[in-house]
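In what follows, structures are represented as C-alpha cells.
Each of the next two complexes has chain A plus one more chain, namely chain B in the first and chain C in the second.
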Partner chain A sequence: MSYSQTTHLHYKVLALTGEVDLHNSPQVRKQLLAILKKGSSVLVNFSELSYIDSSGIATLVEAFNYAKNNALTLTIIAATGAPLQVLELTNLNKVFPMVDLLDDIRE
Partner chain B sequence: MKLVRCEHYKACTNELSEIRSVVRCACQKMGFVESEINLLTLAIDEACTNIIRYAYCGDKSGRIDLEVYQSETEAIFFLTDYAHCVKQSCIEVKDNKLTEPGGLGLKLIHKAMDSVQLISLSDPVGNKLELKKRLPQG
Partner chain C sequence: MVLATENIIEVKKLVSHYGERQILNNVDFSVKKGEIRVIMGGSGSGKSTLLNHMLALLKPTSGTIKIDELDLLKANRKDLTKLRQKMGVAFQGGALFSSMTVGENIKLPLKHHTELDDNTIDIMTRLKLELMNLAGFENLMPSELSGGMLKRAGLARAVIMDPKLLFFDEPSAGLDPVTAVELDELILKLRDSMNMTIVVVTHELESAFKIADKITVLFDGEVVMTGTVDEIKQSSDERIQNLINRRPRNDVVDAEQYIQRLTTGQN
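Moving on, here comes the complex of A and B:
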C-alpha cells in the first residue's frame, strides 16, 4: 500500500494505492487523523485501491466519526470492485458520503 | 476431496498479502467469479487477521497452516493455528459483537462463507477453522 496527499478546492485528498490490511491500516489511520486534526475535510480516493479489510474499514469509521464531531467531512471517491463490495456488505456505503469522481466535488 | 493448495505461514501481518494471493489463485482454479473470489479472499484474510491478533496475540513465532480442498460440491478451507484453544461461541456472529474486537471481521467471514466451524486440537494444542463455500454451478 502507498498513499499520496494532494489538495482539491478546500479539501485534502488522501489517495490510497494497492491493498489496505492489518499490516498497514495504522499508517492510513495516522494520515487521516493528522489531516482532520489540522482542521481539513478529507476526500479519500479509492480509485487505485484494490483491497481493504475490516481494520481499514474500522479506520475509516473512526476518522468519519472524528470528522463529524468536529464539523468536518470525510468523503470516499471512486470506490469500485472489492473495496466497494466491503462497503456494501457492511452497509457503510449508506453511511459514508461517496462520489464517483473527484470532479464531482464542488465547494 | 482433492487438495488444491497447502501452505504454511508465520503469524505475521506481512504474510497477509501472500495469503490473499494464494487464496485468489485457488478460487480462480475452482471456477468462482470475481465478486465471489473477492469475498472468499476477504473471509480468509479476516480469519487470519483474527488468528494473528486474538489467538497468537501478536506473537510472531506462531504458525498458520492454510489448506484448500475441493469436493464435488464445495470449496473447503482449513486454517490451523497452534495457539490456545478458542471456543466455537467466540466465532459466532451476534449484532452486539460488531463493535467488539474482531466483530466486523467475523461478520464478513460469515457473510462470505456457507459454513464456519471451529475444531479444537489437543495434540498439539490449537484450533482448526473449517470454512466451506458451495462451488459455482456448471
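Moving on, here comes the complex of A and C:
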C-alpha cells in the first residue's frame, strides 16, 4: 500500500494505492486523523485501491465519526470492485458519502 | 466469479489412522483460491478428520498436505503460526471461552497477533457482530447466547482477521431454517467481498447445493467424487444418490464378521 496527499478545492485528498491490511492500516489511520485534527474535510480516493480489509474499514469508521463530531466531512471517491463490495457488505455505503469522480466534488 | 488457477489447498494421498483404525484412505483434495468447497459425507466418513489434518491438528500416517504453499509436515512451529493467522476456523459449537464476554472472545486474535489501536479493534469487533446479526451482544457471556448465536459468534471470531482461508465445520447444523439460509448468504458474501477461500464441512444438502462451487463426497474415508453441484446431482454412484436422497445405507452383512465383532470386539 502507498498513499499520497493532495488538495482539491478546500478538501485534503488522501489517495490510497494497492492493498490496505492489518499491517498498514495504522498508517492510514494516522494520516486521516492528522488531516481531520487540522480542521480539513477529507476525500479518500479509492480509484487505485484494490483491497481494503476490515481494519481499514474500521479506520474509516473512526475517522468518519471524528469528522462528523467536528463539523467536517469524510467522503469516499471512486470505490469499485472488492473495496466497494466490502463497503456494501458492512452497509457502510449507506453511511459514508460516496462519489464516483473527484471532479464531481464542486465545493 | 472467475476462480484463480492456483491451488491454496493441496492434499495428496492422505492416509490417516486413529490407533489401528484407518480413517482416511488415499485422499486427494485440492481447492483453488476463491473457491467455496463443500465436504459432504455421512457420520464417520472422515470429514472432520480431513479438516483436522488441514488445520495441522493431526499427523497423517502418510501423504502430503500443502496449504498456501506450505508443506504442513515439514513446516516448523513459526511457519505454522504464521499460516494459522491467515486461516480462520469456525467450529461446530462456536468454541468460545466461557469466562470471557462475546466481544472479548471475538477480538482475542487481534489482541494477540496485531498492534492495532484499541479503537480500531473495537470497531472491527462490532463490524463483525453486525455482520453476524449479533449487534448489541458484545458484553454478554457465551452462556447467555442460544446455539445459533454461539455459532455466529464463533464465525465472527473466525473471520476477525479477514483470513484468506476459512474452514467452517457444520455451519447450519442445529439452526432454524431462516438463520441457516442467512448464514449461507453470508458465506457467499464473505467470498465475494473478501475473496476468501472457504471450505465447509456439512451434511445439510440444501446448504451444500446453494453455496458450493464444488462438492467432495467422502465415504468410509475415501473420496467418492469431487464435482460441481450438477455433476454430483447427476452422479450414478449409489452412495452419492443415497446421500442425496437420504436413503439409509444398505450394507451387505457378512455374518461371520458380524458375529465376531459382537462376541470379541475385533474385526
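Assume the second predicted complex is superposed on the first by the 107 of 107 C-alpha atoms of A that agree within 3 Å, B and C clash if a C-alpha of one lies under 4 Å from a C-alpha of the other, contacts with A are read in each partner's own complex, and residues count from 1 in each chain.
We take it that contacts are C-beta pairs under 8 Å (C-beta built on N, C-alpha and C of every residue); 3 or more make two chains touch, one makes a residue touch a chain.
All figures in this text were calculated on a predicted structure; none of them were measured in a lab.
Participant: According to the stated criteria, A:E19 is in contact with first (chain B), second (chain C), both, or neither; which is it?
Facilitator: So A:E19 only meets chain B here.
Participant: Considering only the touch criterion stated at the top, classify A:A82 as touching first (chain B), second (chain C), both, or neither.
Facilitator: After superposing on A, A:A82 lies in contact with both chain B and chain C.
Participant: Could you look at A:R29 and tell me whether it touches chain B, chain C, both or neither (first, second, both, neither)?
Facilitator: A:R29 contacts chain C only, not chain B.
Participant: Given the touch rule stated above, what does A:D104 touch, chain B (first), chain C (second), both, or neither?
Facilitator: After superposing on A, A:D104 lies clear of both chain B and chain C.
Participant: With both structures superposed, pick whichever of chain B and chain C touches the larger number of chain A residues.
Facilitator: Of the two chains, more chain A residues are contacted by C.
Participant: After lining up the shared chain so the two structures overlap, which partner does A:E48 touch, if you call chain B first and chain C second: first, second, both or neither?
Facilitator: So A:E48 meets neither chain B nor chain C here.
Participant: What is the shared patch of chain A, the residues that chain B and chain C both contact?
Facilitator: In chain A, residues 21-22, 51, 53-55, 57-58, 82, 85-86, 89-90 are touched by chain B and also by chain C.
Participant: Can you check the complex and tell me which residues of chain A touch chain B?
Facilitator: Within the complex, chain A touches chain B at residues 19, 21-23, 51, 53-55, 57-58, 81-82, 85-86, 89-90.
Participant: Contact residues on chain C for chain A in the complex?
Facilitator: 114-117, 119-121, 123-124, 127-128, 130-131, 160-162, 189-190, 192-195
Participant: Going by the contact rule at the top, pick out the chain A residues touching chain C in the complex.
Facilitator: 21-22, 25-26, 29, 51, 53-55, 57-59, 61-62, 82, 85-86, 88-91
Participant: Inside the complex, what are the residues of chain B that reach chain A?
Facilitator: Residues of chain B touching chain A: 13-14, 16-17, 20, 35, 38-39, 41-42, 45-46, 49, 52-53, 104-105, 107-108, 111.
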